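Here chain A shows up in two complexes: once beside chain B, once beside chain C.
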Partner chain A sequence: MSFTIRKQGEIVVVDVEGQLIVGNRQELKQKVLDELEKGEKRFLIDFSQTGYIDSSGLGVLVSLSKKIREQGGELRLANLNDDLKTLFELTKLDTLFQISDSRERALESF
Partner chain B sequence: MKDLQAVLAAFYDATQCPVAVWMGDEKNPAALATAISAGTVLAPDALPETEQGPVATNGGEILTARLAGLKRAWMTMGPCEGGSRPLERNAKLLLPVVNQMLRTGLEMEHTAAELAGRYEEISLLYTISEILGRTVALEEAAKTILTELSQTVGARRGAILLYDRPTTMLYAVAAIGIEQAQLTSIPINDMGSVAARVFRTRHLAIADASESTSEHEAIYSRDTMLAAPIIWTSSTGSLPLGVVILSERETGQPFSAGDQKLVAAIATQIGIAIQNSRLVRASMDQQRLQQEMLLAHDLQMKLLPRPASLSADAEIAARVVPAESVGGDFYHLFRLGNASTGVMIGDVSSHGYRAALIMALTMSAASIHAQIHSDPGAMLGALLGSVRDELTTTEMFVSLFYGVVNRKRSVLNYANTGHPHAFLFAPDGKYERLPALDPPLGMVDEPPHAKSLPWHPRESLLLLFTDGISDARNAKGDKLGEQRVLDAVRKNRKEPVDTILEKVFESLRRFTGRTPLRDDQTLVILRA
Partner chain C sequence: MRKMRVALEIEIPSDVHEIERVVELVQKECRQLKIEPEKCSLNVPVALTEALSNAILRGNREDASKYVRVRASVSKAGDMLVVDVTDEGAGFDLPASTLNCTTPENLEREDGRGLYLMQCLVDRVEQFVDGGNTVRLTVQRG
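Showing the complex of A and B:
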């Protein structure tokens, strides 16, 4: 489980490897908040290498999205696998995030 | 030296010549203090520089002979009874015998003293093991240990310093010869401190006070100083925990190899005791937490209403199986009057007692709002108002389904904030999902929406469950899936609701076998 943060143009891209769960959600949160504090506004979290997100992981995504919006920024998501996509649809979370099927499309959409 | 005394007495009896063995006084090397003698002996006025020879005394002539191989030890003979001169031949015969006996005697005395010293050390180790064995908090025992240890090695000043991880300092838990107010902590990266170096290198050190240039250490070092690391060693490696410092020896002499070994052994004992006491403390905390969790679990289960209490209005079967002792799943049932029954299923986005508190808060607030708001959307909106602050501060949210069945009006009204598994079964076995109309409670501020669907009194079934059921995995890691749950319900839809619930859990058990639960499992079935 690890998070890689790199900058692509004006956008901070975060790759989540493995799972986003109760045990590592704070690490992701802190990394993104650190970037936000540095003045970054546009964030993309790429889940192409993520198998599972538990409910507390979802909570962190929502809380990050709120905090980024408060700073006038935006958080978008990309590459949710089928299970995660269903989870987002069934829980209506898809209404809270702009979700793209590929990283390229997500980067272009900003 | 009794044997030597007996030999000298026998010689005196035989020759009538007094004989004495003189030994130097360590504290006053010029004087001869101890004498083992037979007959009336005279101390020589002066001892000869040469090995042996006749020396004159005030009382007459005596013979003296230095005892070879011993420091400042002489034998004197004479003057004999009647004033006769002792025979040199006799002296020559007696000298090797006395020499050998004295040497053996002295060696035995030395060995006895050494044994006594060892005995003291063994007794100290025993005492300290005993103190540590019955101590849970090391801090209480540290002072006693230090006092015993410093007395044994003859140090006037000493301290036990332990490592504090957050501040990276060595702080004193016990000290002797130093006022409490004078105690200082030593940073572990202090390059001028001997104790910090010993902690870093994990090697015992003996240093002169001048070697310690740290202001933090000044109070602990006087004359020569011995610092030993307190280490805990396990199969996975060793961990430095602190340092024992001893200084200002009573004798002014440097610490011996024996002292070093002794202090190192005690430091190891202290290390084990520290680790044990920490483990005991952690285990006690764990135990207390488990007891609290057990209590919370009992309370949580008691909060869940008994389906039988609504039997006049509806047939309801409900079960919660928590994965941990305190889970985040719950259900709630409401008797609303006018042939209406309310049913709720929820999942707090976490586990443990904080999730249980949110759950308790949600359930108690829901009991009030359900009686006031007949529209499920309005009820969840009011509920959000009650728990919003708590959800925001804890960063939790609650996925909730709340449905109200009115069998007289044949209608099901529902609101769904992020609950994924809610289904309505028609009498013919066809079912439809009642999808989430809004994201989970606490994620957005907008009031939730509601929707109405036709209901067949006594025939329609409302099926609600949490993802702990559909996501339950078998040993191979495969998920049970929604479909198996839906099939089990459809097949048994005409049975009493308790039977349907049992069938679902049966198929769940068959699928998962002995695989442990990953998440809480909650199922509610309603027919009204």
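Showing the complex of A and C:
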């Protein structure tokens, strides 16, 4: 599992490889908060290489979204596979996040 | 009571970094039973991750001297997987501890989705105390 962070224009793009679960969620949270502290406002998390997410991973996404909004920014998500879409629907988090089917569409949507 | 065969029995320390390894082993059993692919890739791993993290974080409070036991059994007919996760804690009231995380007042909470997800994702979740606090997840093919 690993997280890769890169800038595309004004947007910070985070790739999540492997699972986003209780054992690594703090690492993702800290990486994004570090960028937020540097003044970054627009964030996109790309799940194209993600297996599954547990409740603590979902919780971190909710928490980051709140913190980014409080700073006047926005967190968007892209490339959820069918399993992950099911997870977001079950928890109704699909109503909380703007989710795009591709990274390109997500980047254009900001 | 259906006839069951123990497919996996393992004891892990109270460390959340052990979770993925155990989940992979149980996923393998799941695939061998030819349980539906989405149950093998989503339902079982997420529900089991929740049960294991509850056992490690809440049951054993990450106490390095305490262990979590995992036992996966399959029905002789090969159409049912039962996973018991046992910690050394005092146990909890499953219905009373389950939060509906989809209501507007709970939607933006960081925590509280674990037990809800577990119950959404597998056919049955049971909790009982029997020489330790056990959460039992049952998954059926079909």
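Everything below uses one rule, namely that the second predicted complex is superposed on the first by the 110 of 110 C-alpha atoms of A that agree within 3 Å, B and C clash if a C-alpha of one lies under 4 Å from a C-alpha of the other, contacts with A are read in each partner's own complex, and residues count from 1 in each chain.
Assume contacts are C-beta pairs under 8 Å (C-beta built on N, C-alpha and C of every residue); 3 or more make two chains touch, one makes a residue touch a chain.
Everything numeric in this text was worked out from a predicted model, so none of it was measured.
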Exercise. Kindly say whether there is room for both chain B and chain C on chain A in the superposition, answering fit or clash.
Key: clash
Practice problem: Pick one for A:5: touches chain B only (first), chain C only (second), both, or neither. | Solution: neither
Self-check item: Partner chain(s) touched by A:82 [first = chain B, second = chain C, both, neither]
Solution: second
Practice problem: With both structures superposed, pick whichever of chain B and chain C touches the larger number of chain A residues. | Solution: C
Self-check item: Which superposed partner A:19 touches (first chain B, second chain C, both, neither)
Solution: second
Practice problem: Using the superposition on chain A described above, determine whether A:51 touches chain B (first), chain C (second), both, or neither. | Solution: second
Quiz item: Taking the superposition as given, does A:95 touch the first partner, chain B, the second, chain C, both, or neither?
Solution: both
Practice problem: Using the superposition on A, tell me which residues of chain A are in contact with chain B and, in the other complex, with chain C. | Solution: 22, 55-56, 58-60, 62-63, 87, 90-93, 95-96
Self-check item: Touch list for chain C against partner chain A, complex
Solution: 16-17, 19-20, 38, 41-42, 45-46, 49-50, 53, 57, 101-102, 107-114, 116-117, 120-121
Quiz item: Contact residues on chain A for chain B in the complex?
Solution: 22, 55-56, 58-60, 62-63, 87, 90-93, 95-96
Quiz item: For chain A, which residues are in contact with chain C within the complex?
Solution: 1, 19, 21-23, 51-56, 58-60, 62-63, 66, 82-83, 86-87, 90-93, 95-96
Practice problem: Show which residues of chain B lie in contact with chain A when the two form their complex. | Solution: 328, 347, 349-351, 395-397, 399, 417-421, 435-440, 443-444
